[in-house]
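These notes open a run of structures that come right after.
Two complexes follow with chain A in common, the first pairing it with chain B and the second with chain C.
And now, the complex of A and B:
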C-alpha cells in the first residue's frame, strides 16, 4: 500500500555542501517531497530540539555532518530514538569528515587558536566564546564543543550510509529510490547498506596503469608537471584511489589532480590510514626491494609529508587511532 | 525586562539565532545575533602541506567553496613565489565568474525573488520558489535550466562544482579544450540573455512595486565599505587593490592584500562563535554606524560602492541607473539584490571576454618557476564579500599559521546592527506581528548569510519562533509561524 513517508533531516557540523547537492536535484527532490511528510528539517527551518522530541515513528532519519557540539550529540540521540532507519548522509556523518582533523588538538586549543592567537584578532581579555552567558535570567549560552569530533556511528547505530563529499546525483537518486520503494511497496532497506557501490576508485580510473607500480620516490603536486594519462601513484604522487570508494566518477583524477579520499573507503576497511600504509609499502621500490636496506626503504617512505592529513584527511575520527594521543606528535 | 528570542537556526556558515531584548516599556534595548558553530580550521590546517590548502579550505563552506579555493590558490602562489601563467589566470577567473553566477542565482531566484514577487506580507508557505513554481512553472523551469548550465561551467574548470580542485601553485591543473571553450561560451551567452529579462523586470516592475520598502530607512545603514578594485577602480572579483570608502563615498584607505593587518582587527564576544571585524585605524565603538564606528560592509553593495565603473558594456549601463536611483555610495540594504543582478551580468560578459581570448586553450597552465617565500596573503571577492587567507609555513612548506577572514564574519557587526534597528523601528510596546517578523528576517537575509538562501527554496519555508520572556526569564508568550 502506498503511504506518505515520514522524514526528518538533522544537521551536525557541516559545510552545507550536502544541502546544496540536494538542492541541485531540484525537480526530483520535489517528487520525493510530494511523497513524504517532512517533520523536521534542521537546516531550512527553525525546528527546535523539542519539536524533534515530540515526533514518533519517523521512517527515515537523515543526519548530515559530524558531531562537533553537544547540541549535535543530543540531536543525533533524539533522532535515533524516534526513527526506524537512520541515514548517515555524506562523508562527515559517515566518517567524521574534514573537521575531524580537529582531533589533532584538544578543544580548548582549537578555540585558543581561533579566538586568541590568530594575527588579526584583538582579544586582550582572552575571551573565548561558549562560556555561560545570561541576560536577565535568559540563557544565551552557546552550545559547547564536544571533546572530540565524531562520526554519527560513534554515538548511535546507523542503518544506511550515503558516502560522498558531497554525494553525487546518482547516489542521492539511489537513496530516493530506496525511500520510494518503501513508500510504494513497503520494501525495507537492508540495515548496514552502503549507497556508493563496492569498487575502489582504481577499478574505474581512466588512467593507464602499469602492470606493476613501482614508486622510486614520492613527489608533491607542485613539484612538476603531472602526466594526465598515467596512474598518479606510478608518477610518485600520493593518490588515495586504492582505498577510496568508486562513487565520485573519478572527478578529481579527470581534472588531473590526485584523489584525497573525500568519498571515504570501501565498507570493509577497518582503518583507512593503516590500509593505505600497507598498500604504499608494497609499492615502494618493489623491484629493488631485496637490494635496498631497510633504512633506504624507510627514507623513501619518510618523504611523504603529513601522512595523517593526507591518508586520513576525511576519516580521522573513524580510524583506530582517532584523536590526539598523550605525548604523541602529529 | 522582556527578551524576545527569534530562533531561526538557518545555515549561516553554521547555525544562528537572534534574541531581542526589550526594556520595561516594551521598547527594543538590545539585540543578539548569535552564530552557534565552530570547527577549528585555523588550528587543524597547521602541519598540512601548503599546496594542499586549496583542497582543504573548500570545506569551510559548501555554498561558496570556489571563493576559498581561489583565495587559497592565490595564497599558495605567493607562498611559492610563483606568478600563474596568463592562461591559468584567465581560466581561474572564468571559473570564478561562473561561481559568482551560481551563488547569486541561488540567492536571487530562490530567496529575493519569492520575497519580492509574491509579497513580503504574504503567508510563509507562499514565499518560496516552490510556490512560484505553481504560479509560474515556466519561469522556475528556466531558472533551474540556467543553474544547471552554470554548474557545468564550474565542473569543466574545477573538476567538481562543489569543492573544486583545479588550483595548484602557479596555475591550474588542466587546460581547456576547444570544445570545452565553445561549450562555456554558449552557456554564458544564453545566461546573459536570460539576465537581460530579469534586469528589466527589476527596474520596471519590482522597483516600482516595492519603492517604499526598498527606500525605507529601516533598511538603511551608513557604514564604511570595503572591496577589491581592478585597474581604474573597476569591478574585479579576482584581483586588485583593496579600497575602503566612507559614508560619503570618499576613499579613506587603499592597500595591498599583504598589508591587511594594518587595517582590520577582529573583536571576540563570548556570546557568538563569529568574530566582529572592524577597521583598525577607526576603532571599535560598539554596534553603531556612522564615521566614528569602524564597522564596514562587504559584498555586492560594498563592491558597487567602492568601484567607479564596470569594464563591460551592459553591466556598466545598468550600474549607471543603479547609482542614479540609490546614490553613491548607496546605503539601502535592499540594493544588495539589485547589485547582484548587475554583478551577474558582468560575470557573463567577463566570461565571454575571457573565453574568446586567443590563448585560452593554451596548454601552458602552470608556472613551476619561482623562489619559495614561505608566507602569503591571498584575497578575492567572494559572492558575499572580500575574503582573506594568510598562511605561513616552515621551510618544507608545511603550514605553521593560517588566518582566515570570512565575508559573513565581516558583515556580522552590520547584520547585528541591522537587526537591532529593524526591531527598534518595528516593535513597540512589546507588540510583534507576523509581517514585522518577516521584515526583521529580510533585514539579515539581504546579506545572503550563506545557506539561508539555497535552503529557502524548499517547500515548508523558514518558520520563526519568537519567545517572549518576562524579566525573571519565565516564558510568557510563544509565537510560531509556518512549519509543523
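And now, the complex of A and C:
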C-alpha cells in the first residue's frame, strides 16, 4: 500500500546549511520525491505563513533552526498542530545552536549592538526588529525577538531528533529510510527516536591516545605545529571529543583540527559545559598534582578564557542554566 | 525598606556535598561535640570530593539552593582515594569562571578542606557561609 507522504520543511533561526543537506542526497532524493509531496519549504519557494496554516494532515514536519523570533515560535506551533511527526533537524533545532550564545545578553542589548552601535551601521531612526517604522507611507514591522533563544523541544513536543551541523549523509539516509518505510509499508517511526551515533567522538577517533592524558598548559590551535597522529587533548589543545556524539566521522579531527562539538552531546548529558569542566579540569597536571601548590594548579586551569563559549558553543540554550542571570555582584 | 526587611528574614538554603572520609566525618564530630551551627545546611554524603560532578552543583542551584558547599580532604595527602580532592579543586576553579559568565555570583559555591578532626572548622564554615548568603540574598534564577 503505497501512499504519498506529505512533508513540510520549516526554518527558524538557521544558516540554511540544513536545507542544503536535505537536498544533498543525489539520486536517493528521487526515491523520496517520488513518494512525497512537499507542501511547504519557504527556503526554496515563496511560501507564507498562511500556506502552512491551510495545510492539514502533514505526515512529517521538519523543523530546521532554533526559536529566536516570535515568528519562529508561531511557525513551530502551527507546524506541530498540523503534522503527525515533528522532526528537529540539525543541532540548532535539537539544542539551540550557535544562535543560543546570544543568551548571554538581554535581547535589547543584542539588537542595540547589531542595529545601532556597530561602527559600520548607520541607522539614525534607530529601526530595530519589533518596532514599527514607516517607509514610503507604509508601516513595516519585522518580527520581534523572543526573550531568549530556545531549542525546538522547549516549545513543542518533538518526535524525532536528527543531530548534526548539518546532519551527515548517513544520518539523513537513515531518516529518509524512515520516511520511505512509512510511505511503502505504513511503518510508523518510534516517537523520541534520536538519529545519531550512540558513542562519543573519542570512540571513533583515529588518533593515538596515551594511557594517561595529562595537560601541562593549554595551547591554542595557532600556537605551533599540531601532531596529526596524537590525541589533541594530550597536546594541550581543547578538543570537545569526549562530550560530542560520534555522528560526523571525525571530519575535523582527520583534518588536524580539534572538535568544536557541533554535533551535540551524547544522551543523558544534562549540562554540557559542566560535564566538560569535569573532564578537562581533571586532566590538568595529573602526574604532578602533589608537587604543585593549589594556587599553581588553579592558575593553569584558569588559562581557559571562556568556558561558556568554548564548551557550550552549540548547546547553551539546552543547558541546565541556559540564560544570563541577574545576581548580586561579588 | 521592604527589600532590607526581606533580606533580614531570608534564610538561605545550602546544599553541602561532603566527602565520606573527611568532611562528613568532620560534620559528625561537630554533632557529637554538640557544636552549634545554623540549620540551613542540607548535607549529602558522597564517596569522595572527586565524585562531585559540576552538573550536581548546577542542579542544586537550579532546584532552589542559594549556595553550595563542597567539603573534601586537605590537599595534598589526605584524600582516601589519593587524588580526588585535586579533581574537585581544579573543577571548582573552572566552574567559578563559568558561573561568573552565567551572571551568578561565584562565591555562592564554596570549597573547603575539612578533616575528620575539624568539627570546629565545619561549624565555623557553615556559620560564615550562612551569614554571607544572608547578606547576598536569595538566588533568583529566571
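Following the convention adopted for this analysis, the second predicted complex is superposed on the first by the 306 of 330 C-alpha atoms of A that agree within 3 Å, B and C clash if a C-alpha of one lies under 4 Å from a C-alpha of the other, contacts with A are read in each partner's own complex, and residues count from 1 in each chain.
The rule is simple: contacts are C-beta pairs under 8 Å (C-beta built on N, C-alpha and C of every residue); 3 or more make two chains touch, one makes a residue touch a chain.
Here the structure is a predicted model, which means the values were calculated and not measured.
Peer 1: With both complexes superposed on chain A, which partner does A:289 reach: first (chain B), second (chain C), both or neither?
Peer 2: The second partner, chain C, only.
Peer 1: Look at A:204 in the shared chain and tell me whether it touches chain B only, chain C only, both, or neither; answer first, second, both or neither.
Peer 2: Touch partners of A:204: none, neither chain B nor chain C.
Peer 1: By residue count, which of the two partners contacts chain A more extensively, chain B or chain C?
Peer 2: If we count touched residues of chain A for both partners, the winner is B.
Peer 1: For A:324 in the superposed arrangement: first (chain B), second (chain C), both or neither?
Peer 2: second
Peer 1: Should A:128 be classified as contacting the first partner (chain B), the second (chain C), both, or neither?
Peer 2: In the superposition, A:128 touches chain B alone.
Peer 1: For A:98, is the partner it touches chain B (first), chain C (second), both, or none of the two (neither)?
Peer 2: first
Peer 1: Contact-wise, after the overlay, does A:306 reach chain B, chain C, both or neither (first, second, both, neither)?
Peer 2: So A:306 meets both chain B and chain C here.
Peer 1: Scan A:39 for contacts with chain B and chain C and give back first, second, both or neither.
Peer 2: Once the two structures are laid over each other on A, A:39 reaches chain B alone.
Peer 1: Between chain B (first) and chain C (second), which does A:270 come into contact with in this model arrangement: first, second, both, or neither?
Peer 2: second
Peer 1: Please write out, lowest number first, the residues of chain A touched by both chain B and chain C across the two complexes.
Peer 2: 104, 306, 308-309, 330
Peer 1: Help me check something: in the complex, which residues belonging to chain A touch chain C?
Peer 2: Chain A residues touching chain C: 104, 270-271, 273-275, 277-278, 280-282, 284, 286, 289-290, 294, 297-298, 301-302, 304, 306-309, 311, 319-321, 323-330.
Peer 1: Which chain B residues qualify as touching chain A in the complex?
Peer 2: 1, 3, 5, 7-11, 13, 15, 19, 21, 30, 32, 34, 36-44, 46-49, 51-52, 55-56, 58-63, 65, 76, 80, 106, 130, 133, 144, 147, 151, 155, 158-163, 165-166, 168-170, 173-174, 260-261, 264-273, 275, 277, 280, 366, 368, 388, 390, 396-398, 401, 403, 405, 450-451, 454-465, 469, 471-473, 482-484
Peer 1: Spell out the part of chain A that touches chain B in their complex, as residue ranges.
Peer 2: Within the complex, chain A contacts chain B at residues 11, 13-21, 23-24, 26-27, 29-30, 33, 38-48, 51, 68-69, 71, 97-99, 101-102, 104-105, 107, 109-111, 113-116, 118-123, 127-131, 133, 135-140, 142-143, 145, 165-166, 220-226, 228, 251-252, 254-257, 260, 262, 305-306, 308-310, 313, 330.
Peer 1: Going by the contact rule at the top, pick out the chain C residues touching chain A in the complex.
Peer 2: On the chain C side, the touching residues are 50, 53-55, 57-59, 61-62, 75-77, 83, 86-87, 89-91, 93-95, 97-98, 101-108, 136-137, 139-142.
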